[in-house]
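Below you'll find the structures, each written out as structure tokens.
Okay, so chain A shows up in both of these, paired with chain B first and chain C after.
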Partner chain A sequence: MKGQLSFIIKPITLVMVVALLLLLYQSISTSIGRQKKIGETLDLTASATNILLILANSRDCLAYEAPLSKSLYANAIDVNRLDEFSKSYSGIEPECARSFDFGWRITITELRNTAKGIVGDKNWTFGARQFSPGNVPSVDFGMPVAIVYSEKIVKPGIMSIHLVDGELEKIAGVFDWDCAMGRMNKLTKSSLGIDIKSPITYDSGTNSLCSGSKIKSCRILDCEMAFKNLDQGKHVLTINYVNGKLVIK
Partner chain B sequence: MKGSVVLSENLLAIVGILISFVLIVLVVQLVFSQQTTAMYESIYQSVARDISTAIDRAVASAGSIAIQQDMPKGLKLNLLIDYKTIIVQYDTYSVTNYFSGLIHSGPYKFLDPKTLCIVKTNNDNRVTITDKICSCKTNDDICDPECVVENKCDSKCASDNKTGVCNPFCANKYSTQCDKNCYANEKTGICQVACIKENEEDGICSPDCNNVKKGVCDLDCYNKYSNGITGVCDPDCPSMMKGKILEQNSVKYKTADGVCYTGCVNKTGISKSKTTLPKDGICDLDCDKTKNICDPDCPNSPACSDICIEEGKKSEGDPCCEGLVKCPSDNICKKRTTLTCCGNGICEWRPGTTNGWESGNKIQWETFYTCPQDCSDDPHTKTSCAGGLGFNKGVCYNDILDASGQWIGDEPVWVSNLIQVCNPEAESFLDRRNWDIKEVIKSISSPVPEGWAWDGSRYRDACNRMVNAQTNTGVNEKYSSDIAMCCSEGGFCDGRATYDPTIAADCNGVGFCADHAIGLLSILRTLGVPADHVYIVFSGGPGTPRHAWVAMKCNSTLPVNLQPDECQGNDGKWLSLDATGHFVKLLDDSSYNILCIFWNDQGLYAQNKGKIDATKGYAYPQDVKCSTTDMSNCAGRHSDCGYDKLCKKPFNVECVVP
Partner chain C sequence: MKGQVFEIFGFLILAIAILAVIVLMRVNVAGSIGKTFLSITDRQYSEGVRAGINALLFTTEEKTGKSLLELIGISSYTGKNKIDFGKKVGEVDVEKELEWRFDAIYGKGHWQINVPYPNISKDIQIVFVIDTSASLCDDIKNLANNLPDMIEKLRKSGRRVSATIYLLSGGAPCCDYTISCDKFPTKSYLHCTNLARAECKSLQTGEGQMQTEEDWGHGLVCAAETGPKEGWQKFSVRVGIPISDELPMGSECNGQNYCCVSNRGAYSAQDDSLQAGIKASIENGMRVFPIKANPCGTICGIYQGGQDTVFTKTQCDCSSLVTDFMNDIADKTNGKMFELSDASDMPRALREIMISAQETRGKTFTLGSPQPALKNIRAVTFLVPLPLPGIYAKAYFYEWA
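Let's turn to the complex of A and B:
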């Protein structure tokens, strides 16, 4: 009887050990995956913070320069530059803070103290209008800024960023980087290996790269391209810069 | 027998333990090997990311800053830093990372660096990167940019013109020695007077010397900013140009050399339409000749008289006085009110055309340029307008969703009462455009407000929200925001459109691509384009973009007002007119690689011109070609159109692909 029991219990024990090991493996993998995702979100937040700070504090971007001392104040932005940026970069990120890894849009709201509390008074916005479709990593947050109208008139405001780390942003980023390097005569050829999840198409009429099948999201590119649309899957692309145009095969 | 059972039990136990052990070893090995491979690459990615973050932190600093960035110990790597990029090379691999800020220096290459010193110098807005410990040593033979952060002069930076480091604590405008590191076409924070040579061009007009009196005129600035171009102001030009200044009747003149220097301007000058120079005691004879540049040092300069045309007088060249507007038909200055220029019996057209408004008057054009009372009897108008031919439907797609709400396909739906040929709004639209297809094309190709906006919210439940041609044309004409793709509902924008509460009401009615195609077809048919030359095109289906636009056939025998510029040299070819995408180009040159059906106010092409027999017809004309860049794709995807629901079910006709 004892022997018969052992014959049944031991294989069951073996199966349970195997099941436990699989569970352990899955648990470790899930935990690593979760950790990686948290790390990515933190990296994204760090990048968004840097972009906001560059925009607010770089002379190339929005920073207000005192007319006499030529010095800058931390997070003080020039209202004239703001008007200029929202006009010139209504559909694309300005070069001074462009990241070729991400796409972003900035909204700056001037705040006003009223009897009902603090309300948004005036808005400026610039940067990319469309982002990769679907559920892609993104962050949204803001930081306080001073909007300088003149040495004597300074108003409080909030500068917010919507930053997206998607496939469209990454591919368009590589093309735009190649374009910039080509224009500077620093690079004429490069290659890119990608695994595409949504079809990528090029609209030569608007010089935009689009992602998605049913509903498309598009980004304006810096250089015109000769580009054959790409279906989902793995691709290795060769990018050539020829006479101000990217030829992609 | 009993013994063999015991043996089997023990054997089983041993085998079980062995298998378990092997499995444990395998799982642990799998986890560790995966981790090791991933970890190895991720370490180098982290290095690249940390350097990117440090560079961006330096760029984002409002003042000067030095950041020490150590490399992880034990790692062997090479670094390349160029325009917004870091490439970390290790073994035979490399990882790339982008940073966001502009460093205005580089490229840099470091072999096996142990540390990096990243220095942002505020005076010249540069970030300098070296592979050493950040320190300012003023007594060695190396120029340390860190000294700028510590407000010290490192004389090596000033003495060596090749360092690229402009140390403002060594150089100042009174230096007698030229520090070329501080002399550039962009700001370095220091005007290097010693670098500017009299009567000598070196290709540099330093913006740091803007408005700085230094006793020498920089010929580079003098030649760059002339004859109406403003920019860097060199107050020594032309007054300090030796040999060029003459005095006559107590007036100093600069002799004519073809350059009227306009780098310096008086912004509170006489009029916005004229450039006024500052009073510097020199009358520039080159400026004196011009009509639009006023030099107050020139006696009796005609450009300096504050001339404006009074009410009721004709304005030719000089502007109307404040509060008056020049009407384009007769150029008479009239008091600026709503519809000021209407009622003179002359039909005025869009800005920039003959008898149209001057450019810059777009706002007035948008609000009161339209003068129906003037245009109603215009001989250009309505000659060919004969109303629609009965078919007024448009088509849109509804989503087919599965039980969990996921999109699984498209359901084409025909909607009635949308095409409206010769409706009053189409006629007004054409009145404003001189009944000329070239002007229509300018409007649909231009960005808003002249072009067509796109209401992103209409993609939700589209078939119940289509707008007819009259409404759509009217709303688009009145739309004045620069947002090309707007959304009237905050929570339902589709990602491409922007919701702005301040213009949400203006977006309501601008429609989406199918509405635009219906509006544009109605306009072109109102204009007189023959029915067999213009159709709405509809594309879509699983895996292909849904879209609607207008196709028109080029025909050189049509009247001149129906001849788009794009048709020149392309007789017989088909054009795509896309009011949503704001472009017009040859159909086979556009990126459309799927065509489902053509239809217009006469019905489906398959039912009239394309009719084969009583039961079937061609979906679109046989001479129409898809995008030539992807023909194979085009041919293979026609089945995606869902012809049973587009043609057979609603109209009892089988659509056949030519």
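Let's turn to the complex of A and C:
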């Protein structure tokens, strides 16, 4: 009887030990996965913050420069630059704060106190209009800014960013980076290995790279391209910069 | 049987050990990742709050064009949350200006700002407008003997007091001296000047018919508009002190040497002078503390080349009307009238004026909601420049989610 009991207990023990080890493995995997996700979110948040800070505090972007002292003030932006950026960059991110990994759009809202409460008086917006389709990592947040009309007229506002880390942004970022390098004669040839989840097409009429099959999202590119549309799956592309144009095979 | 029991125990120990490892990993690894994430995001958020505060304080108030930082600085200097920028601009409520901006950015009930006011007193700028008729001989002498020392003592105690004496044109010869600016020492904070008719247009009113050496109403107009020798400082305590024993332009009834208290209409020119003085004082933010010298008794002056003692009956009869006039301007400019029993009473009046002129200051400027307990509160400290060179107040801003 004792011996038979031992025969039952031993396999049960073995099964339980294996189950526990599986639980341990799953737990480690979950932790690593969570760590990775937190890291990604943190990267996105940091990138978005950096873009906002560059936009608000760089002379090349929106920063207000005092006419006499030529000094800058934290998060003080020039209303004339805002008007200019809204017109010039209505569909693409400005070069001064361009990220080749992400796509983003900025909205600046001027705040005003009225009898009915605080209202968004005026809006300016610029940056990419469309983003990768589907459920892609993104962040949305804003920071306060001072909108400078003149030394004596400075109004409060909020500068908000919608930043997306998707396939379209990454591929277009590589092409735009190659274009920038080519224009500077620093690099004329490179290659890219990608695993595409949505078909990628090129619209030469608008010089846009589009992602998606039924509903397409498009991004304007810096350089014109000779590009053959790509289906879902893995691809290795060679990118050549020839006479101001990217030739992609 | 023992063997099986040990086997089961062995398995239980192994199971507990593995579960302990899992729990430990969850707590330590995931916890530390979470903490790192929180601390990084928190730091980023804190930097965002700091940048946001800087941006908000750089924004300007519509009517004045002054930044919120400047307004907080002025509030800290004046010790008041509402700042009066004069007739043209009006009053600015610093609390309201800050409140709506912070509410819009951080949300109502999620912030607090606290600015302890520095222990300073505002500059006190005094302009005297002095009747120079012979009846004031003893009073002016007493003023000259006491005022310089009094101001010097106040300055040594840390009060920034300055005075400019405007002598109305005339300068009667007294028995032992002639009323003039020579009686007053000139210092960086004490000046005396004759209020010449040519320079003070207001004094030209009624010239030739009325006595301008007693026209302290129009004299105040010029003093309020011109300010003291160094000019009016922004947000200083402005004090005007007319010294006289008569109505502005004299207590004589219709130019005749008698008083007609019951016939106030006979003093319309005097009343015009008073009203002009009130208007100019209010417009320039000057509080008026009139000193009424005793108009009854005798005066010693030089008349027709010889010394003579004159009984001041007309002035004495009009004493109550002078009191009314002086009280009127004091009430309308938030000042106070002082009546001298005799010339030796001048130091007391001056001391009381110095005390009355001091404005009550708030101790701190606190705005927003009380800080909640058990919340992660982010704090930002920043310096606020005051309208005094080299002096700053510290401001503390708190924000919570």
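Keep this in mind: the second predicted complex is superposed on the first by the 249 of 249 C-alpha atoms of A that agree within 3 Å, B and C clash if a C-alpha of one lies under 4 Å from a C-alpha of the other, contacts with A are read in each partner's own complex, and residues count from 1 in each chain.
Keep this in mind: contacts are C-beta pairs under 8 Å (C-beta built on N, C-alpha and C of every residue); 3 or more make two chains touch, one makes a residue touch a chain.
Just so you know, these numbers come straight off a predicted model, no measurement behind them.
Clash-free side-by-side placement of chain B and chain C is the outcome of superposition onto chain A.
Looking at the shared chain after the overlay, A:133 reaches chain B, while chain C stays out of its contact range. Looking at the shared chain after the overlay, A:242 reaches neither chain B nor chain C. Of the two partner chains, both chain B and chain C are touched by A:13.
Touch criterion met: A:177 reaches chain B, while chain C stays clear of it. Within the superposed three-chain model, A:101 lies in touch with chain B and out of touch with chain C [touch as defined at top].
After overlaying the two complexes on the shared chain, residue contacts for A:74 are found with chain B and with chain C alike.
Applying the stated contact rule after C-alpha superposition, one finds that A:66 touches neither chain B nor chain C.
Of the two partner chains, chain B is the only one that A:43 touches; chain C does not reach it. More residues of chain A lie in contact with B than with the other chain of the pair chain B and chain C. Centres of mass aside, this uses C-alpha centres: at chain A, the angle toward chain B and chain C in the superposed model is 90 degrees, to the nearest 10. Annotation: superposed on chain A, chain B and chain C show a minimal Cα-Cα gap of 9 Å. Under the contact criterion defined above, the residues of chain A that touch both chain B in one complex and chain C in the other are 6, 10, 13, 17, 21, 24, 28, 46, 53, 73-75. Partner chain A is touched in their complex by these residues of chain C: 1, 3-4, 7-8, 10-11, 14-15, 18-19, 21-22, 25-26, 29-30, 33-34, 37, 40-41, 44, 48, 51-52, 54-56, 58-60, 62, 65, 67, 100-101, 103-105. Residue ranges on chain A touching chain C, taken from their complex, read 2, 5-6, 9-10, 13, 16-17, 20-21, 23-24, 27-28, 31, 34-35, 38, 42, 45-46, 49, 53, 73-76, 111, 113, 118, 143-146, 151-156, 158.
Residue ranges on chain A touching chain B, taken from their complex, read 3, 6-7, 10-11, 13-14, 17-18, 21, 24-25, 28-29, 32, 43, 46-47, 50-51, 53-54, 56-60, 63, 70-75, 90-91, 95-101, 123, 125, 129-131, 133, 173, 177, 180-181, 184, 186, 199, 201-206, 212-218, 228-229. On the chain B side of its complex with chain A, the touching residues are 5-6, 8-9, 12-13, 16, 19-20, 23-24, 27, 30-31, 35, 49, 53, 56-57, 59-63, 82-85, 97-102, 107, 122, 125, 187, 189, 407, 410, 459, 482-485, 494-496, 498, 500, 502, 542-546, 578, 581-583, 585, 590-591, 593, 629-630, 633.
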